[in-house]
Structures are given as C-alpha cells and as structure tokens.
Amino acid sequence: MTRDGAGSPRTDGFRDECGVAAVFGHPEAANLVYLALYALQHRGQESAGIAAGDGERIRRSVGMGHVAEVFTPQRLEELAGTHAIGHVRYGTAGGSVLENAQPLRMTHRRGPVALAHNGNLVNALTLRSELVRQGSIFRTTSDTEVILHLIARSRAARLEDALAEALGQVEGAYSLVVADQGRVIVARDPRGFRPLSLGRLPDGAPVVASESCAFDLIGARFERDIAPGEMLVLGPGGEEASFHPFPAADPAPCIFEYVYFSRPDSYVYGRSVGQVRRAMGRRLAAEQGVDADLVVPVPDSGVPAAIGFSHASGIPFDFGLVRNHYIGRTFIEPAQSIRHFGVKIKLNAVRALIAGRRVVLVDDSLVRGTTMAKIVTMVRAAGAREIHVRISCPPTVAPCYYGVDTPSKEELIASHTEVEAIRAFIEADSLGYLSLEGLTRAVQGGDGEFCVACYTGDYPVPLSDGAEVRREMRLIDESVEEIGGIGGRQEKKR
Amino acid sequence: MTRDGAGSPRTDGFRDECGVAAVFGHPEAANLVYLALYALQHRGQESAGIAAGDGERIRRSVGMGHVAEVFTPQRLEELAGTHAIGHVRYGTAGGSVLENAQPLRMTHRRGPVALAHNGNLVNALTLRSELVRQGSIFRTTSDTEVILHLIARSRAARLEDALAEALGQVEGAYSLVVADQGRVIVARDPRGFRPLSLGRLPDGAPVVASESCAFDLIGARFERDIAPGEMLVLGPGGEEASFHPFPAADPAPCIFEYVYFSRPDSYVYGRSVGQVRRAMGRRLAAEQGVDADLVVPVPDSGVPAAIGFSHASGIPFDFGLVRNHYIGRTFIEPAQSIRHFGVKIKLNAVRALIAGRRVVLVDDSLVRGTTMAKIVTMVRAAGAREIHVRISCPPTVAPCYYGVDTPSKEELIASHTEVEAIRAFIEADSLGYLSLEGLTRAVQGGDGEFCVACYTGDYPVPLSDGAEVRREMRLIDESVEEIGGIGGRQEKKR
Amino acid sequence: MTRDGAGSPRTDGFRDECGVAAVFGHPEAANLVYLALYALQHRGQESAGIAAGDGERIRRSVGMGHVAEVFTPQRLEELAGTHAIGHVRYGTAGGSVLENAQPLRMTHRRGPVALAHNGNLVNALTLRSELVRQGSIFRTTSDTEVILHLIARSRAARLEDALAEALGQVEGAYSLVVADQGRVIVARDPRGFRPLSLGRLPDGAPVVASESCAFDLIGARFERDIAPGEMLVLGPGGEEASFHPFPAADPAPCIFEYVYFSRPDSYVYGRSVGQVRRAMGRRLAAEQGVDADLVVPVPDSGVPAAIGFSHASGIPFDFGLVRNHYIGRTFIEPAQSIRHFGVKIKLNAVRALIAGRRVVLVDDSLVRGTTMAKIVTMVRAAGAREIHVRISCPPTVAPCYYGVDTPSKEELIASHTEVEAIRAFIEADSLGYLSLEGLTRAVQGGDGEFCVACYTGDYPVPLSDGAEVRREMRLIDESVEEIGGIGGRQEKKR
Amino acid sequence: MTRDGAGSPRTDGFRDECGVAAVFGHPEAANLVYLALYALQHRGQESAGIAAGDGERIRRSVGMGHVAEVFTPQRLEELAGTHAIGHVRYGTAGGSVLENAQPLRMTHRRGPVALAHNGNLVNALTLRSELVRQGSIFRTTSDTEVILHLIARSRAARLEDALAEALGQVEGAYSLVVADQGRVIVARDPRGFRPLSLGRLPDGAPVVASESCAFDLIGARFERDIAPGEMLVLGPGGEEASFHPFPAADPAPCIFEYVYFSRPDSYVYGRSVGQVRRAMGRRLAAEQGVDADLVVPVPDSGVPAAIGFSHASGIPFDFGLVRNHYIGRTFIEPAQSIRHFGVKIKLNAVRALIAGRRVVLVDDSLVRGTTMAKIVTMVRAAGAREIHVRISCPPTVAPCYYGVDTPSKEELIASHTEVEAIRAFIEADSLGYLSLEGLTRAVQGGDGEFCVACYTGDYPVPLSDGAEVRREMRLIDESVEEIGGIGGRQEKKR
C-alpha cells in the first residue's frame, strides 16, 4: 500500500488516523510539540493544532493542513507557556472542517481545558444523544467532544477526577493528552488500542507522543509506554502521578500499527517497527515462496517487508517501481485516454529493470484491490515475464472501530472474495498473503495479545452505538450546514 | 458626530450597534435578506451573516466585514430556502472574532435553530454563570448565546414555547429574529428598547427589519412596528400568529435612534427620522439662537439638524466641511508634524466658504469632545471669525446598557464637566445643547415615553449582572485565547 | 451625477481619470505621497502606486485597489528615500491589470526611472507601432509606456533632455511626475489639459499634486500651478529649475474639472472648485428658473450647484435623496422584480420631504440619461407633484480624448437627442441645462480659454491615431492573454 | 545527496535547474503539458508556467510554486488551443519572482511569442548591455529575455529565421521550446549541454520533453533525442521540419544528469538513468571496496548506486536512514539545544538496523560536506561501529556555467581540500569517490564525449561575460526594487 507524500491523492486503502504529543515543564513547550507533530505527520494530514498553558491561561492554535502549513513562527511564539499538547488529524468522512480540528478546548467552571484524542469511541453517539436531550449544545461532529461535555457536567472538583469519571462512561479507543492552565494529563484506554509513549528530554522534562520517532527528532529519550488503562498527571511542581482508575481489561493493542501505520524508525509496543516488518517479509518468503528473478516493493510502505523477503529468499531486491516525490494535493485529471492514470501519477515502472524478468511484488496490504490491479498491469506493460504478488499480512476482512479509517466491509475485497478470485481480479500470476499465525509470530515470536479484528472480525469491544442513534445523530448533524469559502475580512485579534 | 463610510477609522463617539432582518415565504429569501442587511449596514460593520431554511435544514454563512464583502454570489446561491434571517454586527470591545458573528446557530433535540439579536441583555452573565455551573459549554462571549442554552435546556416541546420560556428569564433589550427549518419567529422585548418593523413584499410575503429603509430597497411596504413584548410566529402554512407571552411593562424605545442611529430615510417608531432631526434643528435654533453668517453641518450626521437650524434661523446653510469619501479601514499614520491629522483624513474645511465668517457648527452629539476640538481648530485655521457649536441633543451623561456601544461614564465629557468648561475645552466661541424637553417635544410634540437614560442616568431596567459575576465571567473568557491569522489550508466542504 | 464611495458600482456617467503627486527632499517622502494620493483617491480607484528614490535606487510598490488597501505600513516603510512620486489610476476599458498600474518603471543605461501620468496621448498607438517595428518590446497596453521607450532610445545624456525629447514627439494631455535615483521631474503638456499644482511643506520641501486638497491633508501650502508647457526639475542640491522646452500653444485646461472631477475643497486653475460650482448653480437658476417648493441635489456631486440654485432662487434646499454610504465594490444583483434596483442600492428618496411637493432635481451632468430616468421615477414614486431636472453644464455631445473616460459618442444621449426628447426619456416635467456661455462665465466671469470639446466637439488637438493603427495595435494586444487568478505561492523577496 | 520532497528545505548541494515540455497538434495540449511538467517537477520547484496557442492567440499562465499549486482546473481550461509549451524553474539566487517565471512571452510585429528555456547562456549580460545601450527595455533579470529582444530586433520575416539569427548570437546552453499562434519551434544548442527528447502520442502528435519520464506519464512513446544543434519546427499542417542552422561543434552533454539530476526511470542521452547509476555503484564497489556489514543509501538519490554497490560487493543493502515524507517548505527552527537538527528534520537513523554494525554510506555527490558530516554523526550516534562513506562520482571541483545551480568554487569542499582532509571533516572512518574514468566507463562503457567540467574545470564553452559587464548589469538590476507582498485587490480579467 502506498503511503503518499505531501497531500497526495488518496489510495484505495486505509487512511491514516491521528497522532498526539505533549511536553511538560519546558520553556519551549509549544515549539517542541510542533516538532513532535512534524515527526507524527504521517498519522494525519488534514488538520494540526497545539494548545499551550502558562499557568494562567490556555492558548490554542489550529488549522487545516500540514503542521508546517498551519504554524507560522508568529503563531508558535504566541503559544507561550511551559506545557503544551498537540494533535494531527486525519478527518473521517463527515467533516473536514476547522471546527473538528483538535485540540478541542472549552472553558468550564474549573477553568480552561484543551484535549486531543487519538482513537475512536464506540458509544459516542449514544452518549451524545443523551447529552443533547439534557440540553448540551454540541459544536462539532467529533466523538471527542462528548468527553468535554461529560467533564463539564461532572460534579468532581478536580479536573483529573472529572476526566476519570468521563472516561469511565466512554467505550472504545483513546490515547488522550489533556491540558489545563497548569497541568498535562495523559490517558490510555484499558485495552491500549492505540500506542502512547513517555519520553524524557535531556533536562528531565517529560514528553508524550504516539510514536517514539517524535522523541528522536527533539532529542528526547524513550522511557516507557503509557500502560493500557493508565492515567498520568504531570503537575505544576514537577510531580508525575500515575493512576489506574478504570476496571482492568485484557490489552488489545492494534497490530496494524506494525503492518502499516507507524513509521519504520519508531519503537511501538516495545519493538522496532522496521524490524518487525522485515520479520514479516521473511515469514512471507517462508510461507509463500516463489521462483523469481527480482523482489520489487510497492514504495514506500512495502519496502521493509520486501527487503525481508529478499533476504530470506535470496532473490535480489530492486526498485522496479519509482515514486514521484512531488505529488500535490490537487491534481487535475487528464484525458480519459491515458490508461491507468491514477497510479501513474504516483508510480512509474522501470522497464530497464523489469523487462523479461519474473517479479515478486511486495506490499503491506491489499484493501480494495483496484490499485494493485493497476500496478500489475503497469508492471506487465513494462515487460515483466511473471508477476507474483505477496502481501505481508492476512486478508483484511472487517473494518476497524478503534480509530483506523478503513473502507466499509463491502469495499474490502477479501471480505467477500476468495484469494484465487482476488488473484484473477488483479491479474497476477500468483497471490500470497502472510498467515495470521505468521503475522503474530513475526510481531512477537509468540501468542497474540493484539487486536486483530480487521483480519478476523472478532472485536474486543463491541460497537455500542446502534443503527438508530447513528441515524438520529446523522440527521441532527446534517440539519445545519455552514456555507463558507471566500468572502469577508480577517478577524481582529481578541 | 461623523458617521463614516466604508470601514473608516472610529470617531470618538458612539459606535453603531446591530441590525436584523428576516424574510419568510419567498423563493429568494436569502437574497432579499442580503439586500435588507445592505440597507442596514450603518447599524454594524464588523460582521454579517445570514441563515436560511428550506424545510429540512438550516444553512448559515457568516463572515467578518461588510455585507458586500462577506457574501459572494456562490455563497448566496448556496443559502437555499424560502425563509431567511440576517444580522449585521458592531462588535463590542471584547471579541471582534468570527465566533461571535450572528446569526448564532445550534442543533438541539428539536432540530436546528439560528438566532440573530439586536440589543443587550443586562443579566446575561448571571444566567451564563449558572448555566456553566450546570455543565453547559459556551463557545462565544456573546450575551446572545445564553438564549440558545436556555432554549436547549427548556422542556417545552415547541420551539416558540421554549423561546418564550428562555426570554422570560432574560432582562434587557432584544429585537430578535429566529429561524428553524420551517419557521421564522420574531420577538421584541417588553420595553421595546430597539426598533423592529414588519413589512410586506408585493406578493404578500412578510419582511422584518430594524428599520424601514430596508423595505424601500427591496420594494416592500411598511406595515407596522412589531409591538413591545410581541412574539410573532411565521409558520409554514403562511399563518402569522402574534403572542404577548411576557408581563406588560411601560415601553421605553431608545430616543437615540432618532438622534443618531437610524438612517434619515427610515420611519422608526412611526415617524420619519429625517423629519424628526430637522425638528430638533429648528428647536435648537429657537433655544440656542446666535447671530451668524453661515450654518455648517458636521457631515454627514449633522446635516438634517443643520438644515432645520438654517430654516428656523434664516442663516444660510452650506458645506463648509467636506468629507473624504474614500476612507479605508486601514490607515497609516503620517508624520507627527501634521496637526489635527486624525480629523483631516476624514474632513477638510473649505476656506473659500468659511474665511472671515461667523460660523454655526451643528452636530448631533458631543461625546468625548476631542474630535470637536480638532474640528473647531481646523475651521478656525480656515479663517472663521467666530465659531458657535450647537448640538441637537442634551449632554450625554450616562452609558447605555441596552445595545448602544457608548464609551464609559468617565469618558463622557458631559458626565463630569459643565457646559462652559466643555466650550473652553473645544475652544468654541459658544456652545449650546438642545434641552431634554426640546428633544422630546421635537420627537413627538408631547410627553416622553422614550428611554432617555443616556441623558439622565435613569435606567428603565437596572443592570442585574453584578461586579462579581462580571469579573468571574471575564476571567473565564480570558482564560483561553485563540491564536489565528495566516497559516494552513482551506477547509473542505462538509 | 453620483460620485460613489468606496468601490461603488459604476454609474452611467463619466468615470474618473487619474491623479499624480510627488514630494522632494523630505525624510518621509513616500508617506507624504501616500497621504496625497489618499486625498486624490476620487481621481482613480483602480490601482495605486508609489516609487521612491534614495540617491542609489528606485523602490516601487503598486497594487490594485484603493490607496488604503494597497499600502501596508511595511510596504511604506520599505519605500525608503527622500523623494517619491505616486499615482492613482482609473483604468480604461482594456486592461484592469497590475501591469498597467503606475508609476511605470524601467532601468535603462542612465539608471532607473519611474514615471506617473495623468492624461491621455492622441498619437500613442502610432508611436508604439513604429517602436515595435524597430524591435521594442512593450509590456503594457498603456499609452504611458510609449514615453518610457522614447526615453530609452533617446541619445541624450541627461534624463531631463531625454524626457523633453520624448515629450516633443507625443501629442495630447500629460501631467507627469518622473523620478530617478536622485531627482524628480515634473511636466505639463503645452495645452495644460490636466491640472497640476506646486505646493510647499512647512520645512520648504516642494510638493506636486493634481489638486490642492492634497496639500491641505499633508499641511502644505499651495504655491502656484505648474504652467502649461512647463518642465520643472527638482535636483539633489535643492535646486528647482524650470524649463519650457516645447513650442508654445494656446492653453486649454479641461473645464470638466470644475464641473465634476475635482474635489470641491480644491483650488484648480487658481479658483475654488466649490465656489465655481455654486456660481454655476446660481447661473442655472437665472437661466432655467422654475416655480417649485424644494431644491434637491443628486448627491454628492450635485450638492454645490443645488446650494447655488437654492440661494439664487430662494427655493429651500434639502436632501430629498439619501445616499447609502456603505456601497461595496461587489454587489449581487437581486430579483428582477425589484424596480429601478441599480439606483436604489445607492440612493433612496425621502418620502417625508418629497411627497406632494414640486421638486427641482439638480445634478452636474447628464450622460446616458438612464440613471436620471431611474431617479425621476423613484422621486415620483415618493410622491413628488412635479419634477424639474436642472443640469449645471451644457449637453455633453462628444467624448474626451485627453484623459477623461467618457462613454462613446453613441452612448452620449445629447449627441443625438434634442433636449425635449431627453426630457421625455427621463420623464421629467421639465429639463434645463446651463448654457455654454453661462458655464464659462461662471467659471471665470470672462471669455473661455478652456477646453470645452465635450460640449462642442471642437478638439484643440486632433486624434492622430487613425483607425488602422488602432486596429493593428488592438490585434497585437489581443494576441496574448494572461490567465491568472487563484493558484501558486507568494513570490519570495528579491 | 538528498533530493527532497515537496518544498523541502534546501540541502547543501546542487539545486535543480529547469525542465521544458511541448505538445503539438492535440486538443488537450495544455493538459498534457501540465502532466509532462508534473513528471519533470524534480527539475524545478520554484515556478511553473504554460503557454498555449490556438491559431489566433497565445494564452499564458504562470505562477510561483509547484505545478499542482499553480494550475487550477479553470486555469487549464482557459489555456485553450492545440499546441502548448511549458516550463518548471528552479530560480537562481537573484530573483525568485513571478516576472522571471517562464514561458516568457512578448508581442512583436510578427505577433505573439512564448519561449521556455532550460540551460544558461554565458554571454547574456554582454548582449543585454548592448541591447540596453540601443534602447531595449528589459523586464526581467533572466538571461532568457535576451533571446526575446534579439528576435524582436531581427529583420527576418519568419519567426524561425529570427530565432535562428538570435541563437546564432548567444553562447552557452539552451534546450528551448518556443510557440507562436500556430507553431512550436524546438531548439538545442550545438553542444547539447542539456537533454531534450522527442516523443509521440498514440495519435501521432509530437511531444517534446527534457526527460522521457514525461512521456511515460502521458502515454507517449520515446522516439529520439533532439540532436545537438538541431532546430525542429512543428507547423500547422502537421509538417515537422528539422534544421541545423548553427555551426557544428563537439557535443558535450552534461554527465551530471546521470549522476543526480534526471529521474531514475528516465532514458537520457539514450540510456536508462537508473541502470547507469547502478553501474556507477558497481564500479564504486570495485574501486573503493571495504569490509562491512551493511550498505545504507542516503535516500533518495543515493539508492540506485547503493543497490549497485551491494550487488557487486555482496554486502546486504538496507534502509538505515529513513526519510520524513512530509517536509514542508516552511520550517520553524527549534531550540538550539537539539543537535544536528537540520538533517534530523529530513532523515532519521534506524538504530535497530545500525547499532553495532560496520556501515557503508552511499551518496551520489558530496558538495560542501556539511550535510554528510551531520549524517555521519547521526549514524554514529545510532551505534554504527564503522562508517565508510562512498560517493558515486569524482570530487566536485568547479561550478557549472550551463544551467546547473552549483555553489561557488569556494564552497565546493573538494576544490580546495584533499580527500583525506574531507574524510577528517566529515569524521568518517574512510571516504572513497568513484574515479572520473570509472564514471565515464559506467556511463557508456567507452570514452567520454560528456561535459565533465564540474569534475575537471575544463569548460567546453568559456564564460564570455566579463567581470565588468557582470558588475554593470548587477548595478542596473539592483537599481530598482519591487516592494510587494500583502496589499491591494485582485486584478480583474482583461
């Protein structure tokens, strides 16, 4: 599966989700969070935001687009304070609008609060429906806002207690960073669906981020993962208090972070993502070996598994597909007469390498199958004698409810199509997937404690929001529409 | 007092307030509201907005700046539907930000609601403090949002009942237009502080606007004023139901609409604004006559009274002060060496008319006195032999709580300075104000049922919000700050 | 004729032309030129520009729109230097594009030159055609660029000589301000078609501007007019050298500056514009008297003549038509069903003043007649018993070739229609124009040395550019088209 | 050397140059040129432009930034016509301004002409100085504009003859595409410094592009290179006439296209760029072998040579350095305390792969050495036991005059530093370059007909512009400055 550069046209596969970061007790807190978000940019490119606290107030700045687009030096400078939280977001289908950009913030009787969320709640609409019935006014369509309203209505005196009370009512996935004027609170749901790590800057200041690659960029050291079900309060005096306010549950961290999401240079759930991917490639070669001349990755996400495949099989590795590094976020469609155009704008097959050879094409996932079909056609047109497609995970059969933006079940080709039929559809000479056992072994060399729902359909936490409340809330959301775009002047500063 | 053209630098006097409009049952509802707002632009230049309903949903578009800047043809076209409400706003000190632009809107369990408000509530902060304590999350610093939360929390089934219940709790001034998917509801507070009129398009569709000049532009006929304490529901079947859900109170319409606010071509509270101003000028000549050669208005707001003064006194009228019609909203200060620059950028004295003559300078108000001092100096530099300043209302001694943005009491020169001392400050040869009796006689030829609190300090409805709740709410409002400006991409449409 | 506020939709009449200004030997030269342009904004609203010299280089900044829109404090600050020239432009039909914004500038072997031009050349296309034949590359469609190319090709060593040589080849109207690194050169064509005055700042620095109102704003004193045919060189040592390098010719200053163009508070050609207009109104009353109840000006340009008419006739003056001061530059057309909409957006008739009365409507010009027809209809709808239209100049029968943007001859209603038929077209009860003799007497109390070609068709300097060269050059201009609009990033600073 | 993604901060090495493309006789000409420029984006990211002809006129659209930013669907649609030329530009130090964006265009007596240029002229300033002396006015600081003026001044009747005459006077490098209303003319300088190829669309329409990867994207077939010294005229009737109007000279195509510039999937000068690079890597392994555990490329440009090195040496290849794919074009510098920050924002070392191993770092060039020094430090911090740097070309000792934007001679570390001292500077354990003989053998397996001036300082065409004319022209260019940025309105369309 291709992960694209800046603002590329979407592939037919999974889309990224979100990333969070926080820094506490550092004079350049907002700037360091900015850099951490930069390193986490692959986790969400739709909006970016930072909120910083200086003991008296919270300042927030959010915008649509990439981190480097949203933040100007002036904006960052205005985000004064010694603690900050940040968020990069990949919007869900509903609303790619500024209102949904995180960190969300509110003022309530305890003062200001900002909150950023990676994950997805499975009972958000049920809770929201009840809150609306009680007279709460929602300003976003984001599941995250439910948490804010639950905090606002809590009778607890302290923010951490109100937050624990609120999280006690929600179900699903959350890796959260929360800030008020003087503190940062970090929380990870009891299943630990999404990653969240704690690092340490050279001067001892704590840093929190979705992936450890953020620590590398800002010169912080990885310390430990935030545990599933843990709430960590970073307080004004420098104290770091850890709580476990929720009932215990079996951890179920998302295995797809290893397969596709996380950066290869990150350590996630305690292991190097890149090394795990090479191990998948080696297992894939063992399980789905083939006689061929060349191992070609689908760049860039297929590269580590292809290297592992090459090492294990002894078949030479080379870049038979070349990426265009300058894919813009707007692209104008050309004449219909150009065949397989959609994939050509991103990839080109290198005839000089491919012509006359038996090629193993390695990718990390196969979702709808349409992109792979185009790639196979392009590689064959470049003269490949045989094309053997190898996928470094099992067939994807079920959508994710915990924060990964997957196509619907109907769109997942493997949910209704046998492997041989998929092979025929993509017109490959052979097609092989890594087995679930192979995947879990590659991941940890042992038995699975991971969420593998996308490969099995067995969900650790069921979707609570029923069809009725989904329809009810959708009707409400659709009953207003904001007409925007060009027009009017800039706001003046408050 | 000078009322400036497009985006002029502010004078030292009153600033405008707000204007509202609504159209019901017309295929071009949003377009007609746009035009009505255009005619009401003098009532607020900071933001403009329209919400339109089509039976199924509410579409809203708001922006900073003038009506003609905010709305593009595309935006207007997207505001589909057969009823619409609109608002022009002059922001109060706090927050000239898009979030405060009206119509405000929310979705609640009764569906979507949009609401636009002219006026000011005197117990908004007390109500807001209580709502926050109960867990409501506020998104603006506008008093108007309190009404939305009261509606959302009301147990009443119908919107009109929830609105009446909400308005039963607020105190102060409101001329309101409210829309849901299928209806428009109009309300005016029991005192009738701010004007609100009902008109009729040629095809019978009802129109509501702050002033009748909006009717002229769209070809509608003035029908009647919305009565103080009246609530009018314009329903899907074309029914127009009038209610009086609030306890009766003595009306106290704002007299300052005649003195300065309303356009001279409007009928307000049943009389022609321009005619009333001429009558003030005539009475002013009778009360404060002077032997002089020329009556010169301070353009543009002093013109009608100056014409009345000229007619009554027989002293010729002429434009001894000329306005620059191209005053932009940003202006770069020049060298300090240019004297009286601030007023020169807007006005120039015509030496050919003024030199050697005894001039009566007529203006509608005198607030801080600093602008008039500069004008007197400029007129004297142009060669005037004598300068007699005449003001067509009494000294302004108290701020307004009902929707007029006045300077604080300390800044009102007449609140602490005798007339003779003001004359000395502005360096005029004489200074005369119209008496309160003269003003009320000019307004109606009889005894006053008007709010004249700005001239007397006697408030028909006292300010409920105490200093403590004002401080508490200000602290909450200031505890968050949005850092905006350049940066990031456009939103995608929902 | 209505002169509109900021960016109003165009009337059906004359459009403004251009204005120029220059300051020499002052540390805030660019800032003072900015202010002067501000005062001259009525002469052109399409683009604005300033070029400043500091002895070493010329810095230029131009933009589309009003002076206050184009210049930010940063831009002005970057325009360092002790001399500066400036321009406001009303674009001709062809190209409202940034390339045509003035001052134009070039570098040639004598160094950098910037040049700003008010007026119009009548042999520009002939000269341009010859220059193109010789291999010159034109970058604008402006007649002014011809002067630059003639300077560039001149063999003269000094800029002033090259300029004199270039101007010796052009025919038509020019009031010019030119700057190189160290000097400002000012020139006015031998006929003196367009005004140009010299003023003096308190510290003795010379100022040049199209109208004296610019001097008032910056605190300068009017000194004298630049004479027809004069070239004035303001040199680095403070010397001010005056030349008359062109053959003498009978002066023919444009009388329309008095009728409409210039601001009423300016002195032009030695007389107060406002006073001249009042004199026109008095003569108009004498020539075209009528029994009536009220003199109503078409605001704002009809006001001075209406006051004169009222004084001479004894008929009371009042504002029966009220202007909307907030006319934006974009305006969205409403339903066709609204009658006379185009004029309503700018003007409203005040029924309270007009109803039942015999009204004299005074305006300064009548061009196509369509606007006046709408005004008459609107005034009659407001209840006027009789409407007598009086125009304070003769019928306009011929277009201007010297810098006034007039409609074509066919569009000038008086070029082909008798007065009685015009009266019938506009549906007035009577129509009267000031006679040419009355106009020239009002202007100077004596015989005419003015250009009155728009009233007579007798052109002091004939149009040299024949139909063939006009077609040839238009074909060349139209052979390229620049596709612009949204897209791409900002330039980086050089 | 790192080639960065969208708008990355510049490396310390070579910057790209320019790319050109043209399509003739196709109804979607501008759209196809847009796509071709997309494929050539790596050759220049500063500005992009297209000019299209429809038989009657030339329409042009240019903008700053990437192709996908500059062109909206509307802009492309307006570029009507059946032939088009395009350009992507990497600006030289002087002026990253829109005026310099290509295609340049002019109108002259033969009609409109647009012209786009890849390369650099070595006598442009001498020619420009003479043209200025003759009265030509230059609007850009680009060497390309000289060609326009020479065409404009040519007496030849036909454009192709005028172009040949003009090119006969210029010296240096040019791959040109030129369009008038009805034709496209293509030219390559006699040395053939820069590549230029001819392709064919399926319907037979000719396509021209700097590299063949543009043909792949639009579904065209590579046909042949445009020969050094060839001029090809594509005429209205479909004729394709080839001329050789210049004196013959020994070809000297730029070898650096193979080393770094061209895309690996392009065929340039008849060979696959990617294959040539792998051959360089194999020769590098033979010449500069070392005992090590891992071959790590500096991504992305070092990858092909690293693969060749791995294949030849048998040392495993892996991605020990990971790129951040989301590098924005603005980036805010962090705290100084973060070490080696500049390279970290683009690259991260993968400790899991590197720790404890002997690493061969392969890159394509080493220019200033500062980036490589940071990379070595980062790789060592990730635990590498030994670091052996290998460069797949000889030391770069001399700047390019033919269109490659190289640092000055002083900045090229190898121009004044021995290899051992460079090794010490970058703190590698060993450093090895490919020999010049090795490079030329890798490129063609035979003797060199390439320009290798950057490795030898022997220039095939000497720089004609002397220091004096360079200073003279720089003074002229610097004598004017355009102050731009925010301010003013949009142009209206012509």
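Labels A, B, C and D are assigned to the chains in the order they are written; within every chain, residues are numbered from 1.
Operating definition for what follows: contacts are C-beta pairs under 8 Å (C-beta built on N, C-alpha and C of every residue); 3 or more make two chains touch, one makes a residue touch a chain.
Fair warning: this is a prediction, and the values are worked out from it, not measured in the lab.
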Other chains in touch with both subunit C and subunit D: none
Centroid comparison with subunit D (C-alpha atoms), farthest chain: B
Geometric centre distance via CA averages, subunit D-subunit A, whole Å: 36
Euclidean distance of C-alpha centroids - subunit A vs subunit B, Å: 50
Where subunit B and subunit D are represented by their mean Cα positions, the distance between them in whole Å: 61
Where subunit D touches two or more other chains at once, by residue number: 69, 71-72
Chain-level touch network, classified as line, ring, star, complete or other: ring
All pairs of touching chains, each written as two labels joined by a dash: A-B, A-D, B-C, C-D
Touch list for subunit C against partner subunit B, complex: 3-7, 28, 31-32, 34-35, 38-39, 41-42, 45, 66-69, 71-73, 76, 202, 213, 216-219, 263-265, 267, 272, 274-275, 300, 303-304, 307, 311, 316-319, 322, 324-332, 334-335, 337-339, 344-345, 348-353
In the complex with subunit D, residue positions of subunit C that touch it: 47-48, 56-61, 63-65, 69-72, 74-75, 78-79, 94-98, 105-109, 111-112, 132-139, 148-149, 152-154, 181, 476-494
